[in-house]
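The same chain A turns up in both complexes below, where it pairs with chain B and then with chain C.
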Partner chain A sequence: MRSNKIGWLLLAPTLTILGLFGIVPFLYVLYVAFHQWNPFGANPGMIYNGANNFRRLVVDGEFLTSIYYTALFAFFAVVSEIILGYLLAQLFTKDFPGKAVFRTIHTLPLIVAPIVVGSVWRLMTTPSIGIIPYYLKYWFGYDLNIGSNATAAFALTVIMDIWHWTPLVTLTLLAAIVSLPKDPFEQAQIDGANRWQIFWHITLPMIRPAILATVFIRLMDALRTVDEVWMLTGGGPGAATRYLGLHIWKVVFPKTDYGYGSAISIIVLYLTLVMCWLLYVGLVSPRAKKRII
Partner chain B sequence: MKRKLNLSLTALVVGLMASTAPAWADFWSDAGAKYKGVVLHGVTESTPPSNYIKDILAPEFEKKTGIKVEIETTSWDQMYDKAIKDMEAQTGIYDMIYIEQDIIYAYLARNFLVDISKSLKDDPSLKAPEFDETHFTTFANYFKNADGDLFGIPMEAFIKVYLYRTDLFNDPKVKEAFKKETGKDLVPAKTHEEYTQIVEFFTKWGKDNNLELWGTTAQAHTGHPASWYEFFESIAPTFGVYNWGIDASKNYAASVANGGTMNSDKSKAALKYWLHLRDIAPPESAASTWSETASTFAAGRVAQGLIYGENAAWIASDAEKSKVVGNVGVALPPLEAGVLEEAEAGKGYIGYYDGGAFGLPATSKNKEATLLFLQFIGQDSVQSDWAVAAPRITNTATYDDPKIAEMDKKLGGYYSMLKNDGKLFAGAPAYPFHAQVREATAPIFYKILTGEVSPDEGLDQMAAAAEAELTNLGYRK
Partner chain C sequence: MQTNRPFLNVLLWVVLSLLTLFPIYWLFVISVKPAVELFSAPSVFLDPIYWNNYAKVLTNETLRRYMMNSIIISSGNALLVTTLAFMACYALSRYDLAGKENIFFWTITNRMAPAAVFLLPFFLLFTQVFKIGDFKLYDTRIGMILLYCTFNLPFAIWTLRPTIDGIPKELDEAATVDGASTWQVISEVIFPLARPGLAVTLILTWVFAWNEFLLAATLTSFNARTITTGLSEYVTTTGTEWGTMASIAIITLIPALVVFSVVQRHIVAGLTFGAVKE
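Here is the complex of A and B:
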């Protein structure tokens, strides 16, 4: 009984902070989501409108387009980051000249603020001025114009995200790889397993928890990306890079449609949870089931 | 005796004047004494006039009053974001906010701002002797309510002008080629047809001569409201489409069917004209906002363009940033027939008169000290150096300052145009739903720019979207 009290006492600060900054705002957003509220409307107060905001979502072309592009963005960015991150992590387990310097340089993007990343990439890709369009034209005769080419703009946002966040994946997977026991690998080599078999049957299953955690973190981040994309493309051309985070920002801030913006936020949170749950079910549960059987 | 008396009287008058003068000059230290140590916080867009306040006027004010002023200069979006959040949540972080002329009506509708005229009337001890509301140009009217009370101290005021390269327009070789190709003299365009001809000529001239030169700028970003603004504030009015094509007197109608003009034939013609120019403008145009068009012009990449006046000074005079120093001319924007007459009659306008003021949020915790600072930046005496550093004129007397006359020559007559023809330009319409309608229609506009929707269909959709948003907001019944 006494230990329970001490436990609650120790947890109290965390629970208070979580409640104040996590639960209360969430409940408030949920409350606002059931209201029509635009402070610059003819009636600037909150008007209860039931589930109208959620009904509106279903037929809102801009929102649906935004979901589509966000899903594509998250898929390409996260998959590429995991593959590249794993390859780089493997590279860092080996010794090669200049490894320490390369590892430091490779980690640098992580400490750059997203807004700065967006600005730098914008400078590098601005048509006629940026270094990237210049060399693409010079070497391949390709005219890169992120203002008019939707596919190029989309691809650039993915590449920018990969550049910014792959080091995080590398570091988490590197930590997982170096902590693996050596015995199973030695045993597999003695048994004559080739590199692919070792990767598929030993390395991958053993680092699966680390991969899963990294995918969850990166997926959640990718689904709410705003700053970098805002700086690079502003969500354009058209709606090609108007990802969910940016869409919500535009609805809530410039448009000040707080009720509808809150409803979108709730739905996006729900979709993120569903995606993570599906991932968990797809990647972890079957294994757990097999083990039980 | 009489002479002695006269002398004594003169000495007395001189003595009195001498003793009074420091008292007047010392108003700031006297008035500021009560608020010494107070720190005022302001948020504004990072523009040349705002930076001047931050770097020059704020330190000067602190020196005179002991009141510290911290000005946060940030991007246009962030500025609004921060100011609105602060006033909405009533946190009172900011004592001064930048009010662009287009947002003032929304702020007034929400009672976000302090009535400066009334506050100074209620407490005359705060009234600076040199500050006088009547000294402002008529642009200050945008920051007044129906009773004529001032809610913001004008600090930026400029028009979006037709800027052209005098070195190219006066080059005999270029003139001859233009004459040969068009049969006309190369002079700044007065009509859209002439403007298009000049654009086509220079874009071709650049291509033929292997030059990085195009005929015009185009503020045509495909995901930033700057493009939306260029069309509705600078292009559509020159075709006779005013106030974004929304008619407040007809139940805020936007569509032709309901009495608006957003999707009218004139509006559609304007959009097609502008899209054609965009297509033959420099490649960066599709990613250009207001600052990038100025950079494009300053880099010598275009022969002409519509440029915000706040950038005209550095383009024309700062050799470190501009390649076209001394080669800049200004003219009125090209117009459709009848538009100039409508503007002169006060029934329309020919372009955008932009600017902003510093307002005092009702939530500020340092209202009195802020009122002192706002008057400080509104005095005639600080205006001329400010106007030289950043081309903005908010006080009538500034036009007559010799420094301004000198600068006017460098700017190709920009200040004269502001003074004489400023009345032909207009700011944003008095809508409290400015950002809301813009954001409701801008996504469709971006689709027009990318070619996903045709101009005609796009404008029809935009008019419908504007009306739907206005209904949703409760303005359209």
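Here is the complex of A and C:
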């Protein structure tokens, strides 16, 4: 075994940067979370108030509503993206004319900045100038107004997220599918398995790690979405699209309630971490199992 | 495996491509319309093209500066992050470091933090704590390059790890037996084999840095301001200059498009975020 010193040396710059820009701010936020601090409020100073911020969280209707909508948003968006992404990746495993062009087009949304995505969708859906409300009204007589219809606004944020992020899922799953060995599939066909059986008993178990990894990154990012939704709906109407990232932003900036905002962040970070940790355990378990066998 | 029906496939992809392209096309349509026409009945087709929005943007000194900042910051960050991640992944993959799996997981937790609240500590650190003499990180390109590591470095490490893990250890050992130093192993054995993975990491981190908005909006004021924040300056409560905004948006797409198409063919081979190969 070679000396571990070199290993640590190679890891050192990463640990230094993430320490300075990751741990230091985190400790600071943790510190602020135990204080009442609103620099533009009646008491501008930082006052230690123990766990009061966290106590307030549990009964804060706005915060709980935000958690509820964020969970719904993340669920609908991530599940649709995984299913759609998987189907599209399967299609890409076959040969057809113009495949390279279609693949390039399909990956285009990935490179569009979230703030631009939000702006485009707002352009298309704002009642007075948008093309979508115009034609919905013209063809179906349906009045789409995301400024007042909460369900429509929510659905639209999900659709926007699907448009933006399905390509990432397609690409990761395609990489996994392409690298699968051919033998099990041929064997299964010889044994007369149907498509569904092949999918359920061979493909799915084999690409499970890739699916979990994709869910992991999509979930993580869906839970902290801000830019796009901020541009599209600004969190409204009411609180229907006021997802956690946006909610925190509103507590911290317009209200300058730093102490409480920090407490929310700590809890949100904690919840995200637990969820992702569970997924990660599911992800590494094949590795652990293999060691035993 | 399944019956191949190329015609149906092509038809399906044409429809999907139209759906994918429409928002981008619509952005373009808005960018070549004078403001007064926005409120008339929307037409899918282009009327006489009105290039003034672009002329206005391209002759704007400030916006050109923002564009340059964006290019420097995202390129600097992507290169830094990919290099560091490559070193870190090699260490995590080849050395028996204490608690390395926990370190690996910890890196990604840095990406989970809701950005909004961390703006405040970053702001304080950048204006008051991290400074040498008169030099502060606030509103500097180097500050933004370092800052973007918090979300890009974990992503890079997680994207690259499976690639490095997938390169057989026997290759390192053989090279070591032949008398190669660690540096030679990394540069002559691992690097060429990891190239697809490195390319994908480089491009994705570049795009993430290019697209970042919230941090740049808070931690820069003029000198290091990026084009995404420049774009948002045209969206105000008193009225949005949709045409100008749309033309900036289209312009920001172009460099990303160029960078992306260069490494497009590596993408499928190299994209294996955190996945464990069995």
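In this text, the second predicted complex is superposed on the first by the 274 of 293 C-alpha atoms of A that agree within 3 Å, B and C clash if a C-alpha of one lies under 4 Å from a C-alpha of the other, contacts with A are read in each partner's own complex, and residues count from 1 in each chain.
Please note the rule applied: a contact is a pair of C-beta atoms (placed from the backbone, for glycine too) under 8 Å apart; a residue touches a chain by one contact, two chains touch by 3 or more.
No experiment lies behind these values; they were computed from the predicted model shown.
Residue contacts after overlaying the shared chain place A:Thr151 against neither chain B nor chain C. Of the two partner chains placed around the shared chain by superposition, chain B is the only one that A:Phe40 touches, whereas chain C remains out of contact. By the touch criterion defined above, A:Leu273 lies against chain C but remains apart from chain B after alignment on the C-alpha atoms of chain A. In the superposition on chain A, contact is made by A:Ile111 with chain C only, not with chain B. Between chain B and chain C, it is C that contacts the larger number of residues in chain A. Using the contact criterion defined above for the overlaid structures, shared-chain residue A:Phe253 touches chain B and also reaches chain C.
Look at A:Asp143: by the touch rule set out above, it reaches chain B but stays clear of chain C. The residues of chain A shared by its contacts with chain B and with chain C are 128-129, 253.
Within the complex formed with chain B, the chain A residues making contact are 36, 38-44, 62, 126-129, 143, 145-148, 150, 233-242, 250-251, 253-257. Taken together, the chain C residues at the contact with chain A in this complex read 1-2, 4, 6, 9-10, 12-13, 16-17, 19-21, 23-24, 26-27, 30, 38-39, 41-42, 44, 84-85, 87-88, 90-92, 94-97, 101, 103, 105, 107-122, 124-125, 130, 146-147, 149-150, 153-155, 157-158, 176, 182, 207, 210-211, 213-214, 228, 231-232, 235, 242, 245-246, 249, 252-253, 256-257, 260-261, 264, 267-278.
On the side of chain A, the complex with chain C involves touching residues 1-2, 4, 6-8, 10-11, 13-15, 17-18, 20-22, 24-26, 28-29, 32, 88, 91, 94-98, 102-117, 119-121, 123-124, 128-131, 134-135, 163, 171-172, 174-176, 178-179, 185, 189, 195, 198, 206, 209-210, 213-214, 216-217, 220, 223-224, 226-227, 231, 244-246, 248-249, 252-253, 258, 261-262, 264-265, 268-269, 272-273, 276-277, 280, 283-284, 286-287, 290.
In the complex of the two chains, the chain B residues touching chain A come out as 77, 80-81, 84, 88, 106, 109-110, 212, 220-225, 282-288, 292, 301, 432-433, 435-436, 438-440, 443, 446-447, 449-450, 452, 472-475.
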